[in-house]
Structures are given as C-alpha cells and as structure tokens.
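There are two complexes below, and they share chain A, which is joined by chain B in the first and by chain C in the second.
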Partner chain A sequence: MSEYLLDIEDLRVYYYLAEGVVKAVDNVHLKIGKEEVLGLVGESGCGKSTVALSIMRLIRNPGKIVGGEIWFDGENLLKKSDAEMRQIRGGRIATIFQNPMSSMNPVFTVGSQIGEAIKLHQDVQKSEIIEKVVDILDKVGIPSAQERAKDYPHEYSGGMLQRAMIAMALSCNPKLLIADEPTTNLDVTIQAQILELMRALRKAFDASILLIGHDLGVISELCDRVAVMYAGKVVEHAVLSAIFEEPKHPYTQALLKSIPRLDMKAERLHIIPGTVPRLIDPPPGCRFHPRCEHAMKICSEAEPLLTDAGKDHSVACFLYSSKKAKPPT
Partner chain B sequence: MGGVIPKQVATIHAVDGVTFNIELGETFGLVGESGCGKTTLARVVLRLIPPTGGEVRYRGRELFKLGQREMRRLRLEMAMVFQNPYGSLNPRMTIADSVGEPLDIHSLAKGAEKEKRIMELVEKVGLAPFHIYRYPHEFSGGQKQRIGIARALAGNPKLLVADEPVSSLDVSVRAQILNLLNDLQEEFGFTYLYISHDLSTVKHMCDRVAVMYLGKIAELGSVQDVYNSPLHPYTKALMSAIPIPGRRRKDRAILKGTVPTPIDPPPGCRFNPRCQFSEPMCTKENPALIEVEKGHFVACHQKK
Partner chain C sequence: MPKDSPFESAEETRDVYKPSRATRIFTIWRKLKTSKLAVAGFGIVLIITIIAIFAPLLAPYDTTWTGRSRRPPSMEHLLGTDASGRDMLSLIMYGSRVSLYVGIAAVSLEILIGIGIGMCAGYFGGIIDESLMRITDMIMTLPELPLLIVAVTFFEVRSIHIIVLVMGFLGWPYIARYVRGEFLSLRETTYVEAAKSMGAGSWRIIVRHILPNILSLVIVLATMDIPWYIFYEATLTFLGFGDPSSPSWGVLLEKGYLYLTTAWWMITFPGIALFFTSLGFNLFGDGLRDALDVTERGR
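Up next is the complex of A and B:
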C-alpha cells in the first residue's frame, strides 16, 4: 500500500481505572519504513511500551485501544479477528521483551519453546523442526547449539537467554521485530554483545525493528530514526543524527543535557525541574509546559500539534509552529 | 553442626584480596558488572557483614576490633544511601519518623529541637517542611531518594556510601539527585564511596575509581587516568562497551562469554578466559595490583 511497513495513525490507548482515565497513549502517529530501525525513546510511564502492546493487540483490561489505526503491511491490525492476530503475532510480527528470564517458560527446554513457535507459524515436518531450532540458535551465537537446545532456561545466563529470545523471535522470519528494552537487564559488556548481534541480524534478516528504550546510547547504536515520547505523546520525530545534533523540542534538548556522558565533562548537570506528570490528570495544553524553560502563555492553553520543522524532522512545540490540536471533546 | 541440610554448600569468593584507601573529602568510585562484589565490599566497609579475613580501617581504627558500643558511636559518622528508595523507607512511618529515627537512636535531639532538625534536613535535600508529615507512597521516586539522603545526613556523617543511588530513577530525575549529592559534598565536605555499574555517572561524580572484576580490583587510579588511558584489558573492554548518545561506536572490543561464577573462579588471573591477550602465565598466577604510574594501579601480567 504505502512505502511504510508500519503506519500508526492517531493511536489512542486509555486505561480505565477507578480513580479516572489514564490517557497512556494519546494521538500518536508513527511510521516505520521497510528494513528501517525506529527508536522509541522516553522515560518510564511515557507510553512507549503501551504502543508496542497495541501493535501486538495485547492491551488488556482495564486498558483499551480507544481510537486510531495501525496499518501493517497494508492491513489495519485493529480490524483483525483474534484468530488472525494469533497468526500475525510471533509470525510476521515478533517481540523481544526486557526480561528474558520471565519471558521463557521455566519447565520447557529452550529448544522446545523455539520449536513451538516454528511449528505454529511454518509448514514444516516434525523432523525438520529440531534442525531449524539448532540452526537459528547457531545464528544468534549460542555455542554448541545442538546440546544447548536441550537445556532449560535456568541453565542459560542472562545474555545467552536474551540471544535465545532473539532466536525465537527471528525463527519465523518476521517483517517487524519489536524489541522492548532488550538490553536493560544486562551488564554493559553483555549489552555490547547483544547490540552487535542485533546489528548483524538486521542485515541478514531484512526485518524492520521498533526499538524501545530509555537509554539514548543504546538507541544511537542501532536506529535510523528516533521518536521521542513524553507523557503519552510523541514530541519529536527525526533521523538519528538530527535528534542528537539539533534537537528541537525543549524536552529532547533538556534530556540530552541532563545525562552524564562518557565523552564530555560537565561540572554540573542540567536539571529538568519537577517530575513526569501523572497521566490521570495531565497538565492542560502541552504536557511538558510545567517543566519547560521556554513555556509561553499559549503552552498551557492549547496543545501543540506534531508538525514539520525541517527535512524529515517533526516536532510538537509552539516555538516552531502555531498549529494547535483540536480541543478534546 | 550436622543435620539434613548442610549449613554451607560452597564458598563464594565475593570479594577476594582487595586493598584500597579512600582519602578524606574525595569521591571514590567502585565500578563493575553485577556480581563483581562491589555491594559486598560496601557492606564490609560499613561493618554490616564481617569479612572472612583482612581489615577495614576507618580514620586509623580497625573497625572489626571495635566493641559494639564504640562501633555504634562510629556509625554516626558513616551512612548509606541505598539503591531502591521504594524499599528502603518504611511505608508505615511518616517522613518525620524515618528521618528522625537516627536522631532517636543516638539520642541526638528530642521534642521541638528534633522537629527543627528534621525540617532542616528535609530542606537541605530540596523538599518542603510540610512534606514531613506525609508517608512514602505520597512521593515520587526522586523525592523518596531525597528523603533517603536526608535520613543519611541525620547523624552528621563524614563518610557516605552511595550504592547505585540513581539507577532506579527516571533519566530526567537522575541529574537532580547527582547535583544534590555534589552540592552536599561541597557544603559539608563529605567523603563519598560511590558504587555503580554506570560508568558515565561514575566519571561525572568521582575523583578516583576502582574497577572490579569477579571480586578483585583490576585497575585503580584517578578518573582521568582510568578513563582516558585504561591499562587493564577488562577496563578497556568496559570503556568501549558503553554506548554513547548520538554516536555509533566502531572501536569496540567486544568481550566473549560471560562473567564466571565466583564459587569456582578461574585459576590465575580471573579475567584470563575472556582476555584476548591471555598468556600461559595468566592461567597460573594471580597478578598483583601494582603501581605503574603515580597513583595508577593495575593487576595484569602484561603491565609489569
């Protein structure tokens, strides 16, 4: 249909709690091109994982996808039946989660769990399954894969298990791989191994990747483009170099200045005052305005719309455009 | 002794043959990956767990030879800021109770004086006086960490041990806490033992740093020396493994394998199975930590 593999239009996901409605994801637009890696960055509670779950249609009660469209490979995922979604999940769209220990079933061997994914999604003979499992484990760098396939998850180290998770995700040749903080629980030297592996696999498998994370360093290692989320909204969206070299949104700018960096020496770190707002009653207007050093009168009155601010660079801020979102009804 | 379940099944060499000193007023960093023994070391420094061997001297006094009462007095001078502010505050105590507890235990202040002191402490860490009658659940993670710091300050400590003080906080809140720790050091002249796996924050906070691997110090020196000219192959790999925002690192030395278990550490240099420069010597003899430049120590056979 379009040049994009994934096209999220105006996605809204709300959680209906006793205390009120949490607008976890509000009017989010995202596009991922074929064979592209998009980084989705933000702090905890900004809605980045909710976006991932929405793509997989795994939002559970009390959460609900209230509106919007998710176009994947020319089809609207939100219109699919549950049976059709089951075929897509783990098949054309695969996921890697943050904690590999809790994503694997402890009572089955790693090999049998990967084999199950292959059996569900591919038309292969029983005898071929084990061959395929060993082959994919070998590809993600598990030494003596033949034997390790028979091991249980607790016999793997964290880094190894994350490799096995990646193997399972890639076993059905997905078109889209969603990686939600894939290296957050790992030590730095193991993180470097996994990032290296993902980079190599990206070339080998031609899949698009949605990489979700809060570590801007990890995002830089893999992504082509980056979307920055704050309090349920995408506030800036641009190619990787533009986000780091000429960040436009005050939140992106402040975030970059507030992290201690290995390659620079700062006497004092820049501070973003206050904390991330609760999404039950987000601040009116731009959700960042109470913490923003450039806040103007309009920022508390109307909500800025994500608009173009340069080549392949869009930002939702009144400093760059006066376009307002329609007031909520 | 005896019984169905053996009391001890194995010995974990969590910290093994570590020697270092922290100077008055400096921030000493301890970095390493999970399981390298950095937290164990912090606990030994505060005499929260006894060492199997060796000594810890605090201002010239051997901590493990002190009597209970003397130790108790010394505890006033040593405080700890914990990693998880959610778990380190009692949910059923108000902030005033939590921050005031050390004042009670050491009979430092009572009544109106105590309340005044609590207000002072809370204000020092950037919270408002009216906050003290609230409970922990009413605060955000960053605020809770501020409360944890206020509590640590209550006894006018000289040495503050901060074990991963910001790793459970949101990125935008981390800077607030790091700046607060720096401001407090400037005002009160604290000595910090700063423990973290995050090399970027350690570089920002510390004067000197020790890199630990599997219970041993691999390298020790000033932050400039260790970060700009690392000598130990492990330190080099660690430095090159850290992703830098806005850059794609091409110069990486990717380590193979994972950290071995400390129950049965490899013979010789503990890093040798993962080291690309490993020689026969490395599998036999454990390298000593030696000074190769002024104040820059490394434990590696290649650097003699």
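Up next is the complex of A and C:
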C-alpha cells in the first residue's frame, strides 16, 4: 500500500434514479504511484469523471458511493469527516476541470480566487499571499502576472484561464492533481501548450496526476500508465507503451484503430459498431460483448475479472483468462 | 456556525486583489452616465436624500411654526400653507425624512429575510427547500393591504416602526423566490464545483461565491422597491391607519384630501413629491441594472 499514493479498491458508485439504479462505476481498482501520471481513458458516460468525483468525495445526489475503499497517502478517504475532506480538497488533492471559461467565478479577479485557495489551506500573511499568487501565476507562464492577477476571468483567454486554473490547483502543493479532460475545450495549439506546461510542472512539483480523457493522443503525451474504462469497469490497465503497442482487450484495440493516422492508408476510419450500453440495464456478462468482434459464448454468461496478462499489464477478457467474477448476489 | 465560517477570515483575502472601492464606484458611474434617464433618476434620488438629511437646515420654517391657514402659494410660502397654517414646503421637506426611512427600512428588512430564506432553500434543496418555499407561498397568498390594516390596528400603539416591520415581513417572499431561483442555477456552475474541489465549505460557497453573483440584481430590485413601500405607507396613512405623529407624505395627503376643492396645493404638492421620488428610484434602478453588469465593467 505504501508504494502507491492513491489506491482505489473495488470502488462502486451507483446513481439511484427513478427508472432504476445506474451502476456508473462498478468494481473499479486503480493505483497511482508517487509522482506517476495515470491516464484514465474511455468514452463519454463510461464513469471516468465519476471516479474523479469519488476521490474528492463530491458525488452528489442521487449518486452514492456504495462500496470500496479509496486509500490516499495511507488514509481511507471514505472514512474522513466532511471537515477533514475540505482540508484535503484543494490542499493535498487538487482538480482541474475541463471548461476553464466557467471554472472561475466571474465576479472576482483571478488573483483573488487563487489567493482564497491559498488562504484556505495555508497559514500565511496577507502580504505573502499576494507574492505567492504572482509567483505561481508567473510559474504557469502568465505574462506580467502582477497586473494580470487583478483582471477578471472574462479578461483572460481560454488558454490563459486554464493556466490560471492550474496555478490555483498547484498553489497549495498538492500531492495528487486530478485533471478532468483539461484540454478538451481548448484549440489544438493551446492544447499542446497546456500539455507542455503540465509536463514541466509535473517535474517541478513532484505531484502525481490522474489525467482523465477520451483523447488517446493527449493521454499518450503525458502518461506513464493507462487504464481503459468501458461502461463503468476498468477493462485494461498497463504501462503506456504496452497499451499502444500490444493492446489486449478488444475494446482497447478497437479504440486504437479509431484514431486517424497519417502513416497508414486506410479507406475509412475504423468505428466500433453499436453504442455504449445504458448502465441502467447493462448487458449480462462482459459489458462489451455485444460490440465485440471476438465475442464467445461465455462472454454473455459470465463477467471476466481483471487478471494479469503479462508484466504490469492486466486485462478483463476471456480471451486471456478464464477467471470469472463471482455472480452478483 | 460551521468552523470555516465565511464571516471571520475570508474578508481580507478578497481584498487582496479587489480593485479599490473608489475605482469600482467610478466604473459603475461611468456606465451609469451613458444613460440620460439613469442620471436623471440618480439626480432625483440624490436631491431627495439631501433634502431628507438636511431638512432642518433647508426648510424655510419649522414644522411647529404656524401662520395663516390655507394660504395659496406665494413668495412667503412657496407651496402655500396647510389647514393649521404650517408651511407646506417645510412639511414636505420634513416628510421626506419619514417617507425615505419607511422605504429604506422596509426594503432592508425584506431583502435580509428574502436573501436568507432564498439562499438556504436554493442551495440546500430537498426538504429545506420544500418547507421554506411552502412558508413563502403561504405568505404570498395573504392579501397585503387588509392584513396590514389588521396588523396595524392590532398593535395599539400607532407607530411608524410597526408599519415598517409589518411591511417588511410581508414583502420578502418574492425576493426569496428570486434568490432561490438564482441559487438553484448557480449552484450547478463549474466554478462552484471548482470552489468545492478547492476545499470551500457550504457557507463559504453560499456567501462568498454565489451571493456576490446575484447581489447586483438584488440591489436593483431593492432600489425599485423603495418607492413601492413609500406608496404603501402613504396608502395606509391616507386610509387613516398611519402614525399621525410621524408627518410622512401620506399624512399630508390624507389631510389635503379634505380640502381638495378649497386648497388644491395641500394635496397636489405632496403628490408631486411622491411621484418624483418614485420616478427617480425607478429610473435609477433601471440604470443600475445595466451599470452593475460585471462582465461589461470597464469596457
């Protein structure tokens, strides 16, 4: 346990809707080592943001963390009181959201909002706060930080605001940074800059990062290891190179085939047939089997368990192992 | 109150990068200036406020001074004299104090209760929202004027303060509904989510993050409500349920009404004063609405 900064064990998060129970996250295991970047990939609605919110304990009604454990730095976050969680949020765990333009309060200056985050978690003098705010804005590459700190969010561009959000997240030296699709709403050149910045800051701040995204290109830029999620489950978990060079799960393979590439001549881009299942009544057995090219009889009958398939590589598929999950009781 | 109460430590943090108050007022004024009507409204409000504050210095006569009764406007008495021979201009000037007090005090009360109830209902939702809004609905269904009359009669002492209290307690529901609606939508915004993820507690989010976003519109509502309460008090007084010891414009109207045919100035001038006050506050409120829009500030 001690070698991991974050260790999610058997996490289950359900949303209780009038139509039924949505198992948004089901038996998810994830581990992030110290100073490691883990990419969490999946289609929209596969539960990756729910995992992020669970770590912060910000799941709202009708959602509920039904079971599992989230160990962070040797402590179980699910056992913390609300007051303790508030100290951890923004202190030791910080988040960057996907839409920088709406992540800042429009009626306060950028500097005052970063200052508030510092004030909340550190015992510092007012004069020091100003210095710290300017210093951190400077670090994330805001030009003339002293003046820009006094500007309102609407006076920033999208890329600048995402830099400011990163500054706010890093202002209290978090150990874990959760980046929920940090570049999705930015245009491509800005994306590259933000990724560059995150790579540089990762070295400077020694933080672990949980990078959530659906863009494998972005993930490949930054991550050490990758976990692929499908319909609320982790289907494959391996180091970055293994995911890209020898993907094992049919879903991962299909995902990789769907990336347009310049060096390959293909008439049409590969698409995965079908759609993500509604999690209110997921297909029995392996949740991917209705869309899977390699589906076998057993796939619709039992659920494959995440098992080792090579060095530091685990996959949940009957092609590689016959281990079944216990039937739900 | 929770540990991370917004009222203790947060104050200084905000000020760190807040533009100084003077600059902010200046930018608001610059926006306000672009509308002639808003400036006119502001002018009227300013003049009435000055008259109210400095009434003893500005009024040509004391309210206890009496001369010949029911004299028409002349050089001596610009707006004539009333039935007991008092100078109408002076009475109107002194009356502005009472009327303004009524308007501002009742609105403050209404805003305070309305914001408190509205923000709790909107932010916490669920059973809190449900029960608070049912209370709000109940008060909204009460017919105000008859209830005011009953309430004022119920307290045996005729006091302007009681009228203010009753009006404030009856007026808050629509503010509460408005504030609740805004909270309902703003609590879903990403910046509230972001504030939570930075470790802010509920009260901090309510008071420091959401409330400032709606405050400007509440101020606008409040400004436009002031004349409404002044009218209400005048109506009550006109109907004979006022506080005769506080010479508000309503009292002047009530007395003037008796002499409508013989001394028109007794009812006309307080009426004009009321009219301009209402006009001023409404124009000013309208202008403020535009000027306070923060995303356009400084542009």
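What to note about this one:
Basically, the second predicted complex is superposed on the first by the 326 of 329 C-alpha atoms of A that agree within 3 Å, B and C clash if a C-alpha of one lies under 4 Å from a C-alpha of the other, contacts with A are read in each partner's own complex, and residues count from 1 in each chain.
By definition in this document, contacts are C-beta pairs under 8 Å (C-beta built on N, C-alpha and C of every residue); 3 or more make two chains touch, one makes a residue touch a chain.
For clarity, every value in this text was computed on a predicted model and none was experimentally measured.
Superposition of the two structures on chain A leaves chain B and chain C fitting side by side, clash-free. An angle of 80 degrees, to the nearest 10, separates chain B from chain C at the C-alpha centre of chain A in the overlay. Touch criterion not met for A:Ala302: it reaches neither chain B nor chain C. Once the two complexes are overlaid on the shared chain, A:Ala167 sits clear of chain B and of chain C alike.
Of the two partner chains, neither chain B nor chain C is touched by A:Val235.
In the superposition on chain A, A:Glu43 contacts chain B only, with no contact to chain C. In the superposed pair of complexes, A:Leu5 makes contact with neither chain B nor chain C. When the two structures are aligned on the shared chain, A:Ile55 is found in touch with neither chain B nor chain C. After overlaying the two complexes on the shared chain, residue contacts for A:Ile88 are found with chain C alone; chain B is out of touch. When the two structures are aligned on the shared chain, A:Leu279 is found in touch with neither chain B nor chain C. Here chain B and chain C sit at a least CA-CA distance of 9 Å once the structures share a frame through chain A. Chain C meets chain A in the complex at residues 3-4, 9-10, 12-19, 126, 189-191, 193-201, 208-209, 212-213, 294-295, 297. Those residues of chain A whose C-beta lies close enough to touch chain B in the complex are 43-44, 157-160, 187-193, 195-196, 214-221, 240-241, 243-245, 254-256, 258-263, 265-266, 268-273, 275-276. Listing the residues of chain A that touch chain C in their complex gives 56, 58, 61, 82-83, 86-91, 94-95, 97, 99, 102-112, 115-117, 119-121, 126, 129-130, 133, 149-150, 152, 154, 165, 168-169. Put simply, chain B touches chain A in their complex at residues 33-34, 140, 142-143, 170-176, 178-179, 182, 197, 199-201, 203-205, 227, 237-249, 252, 254-255, 258-259.
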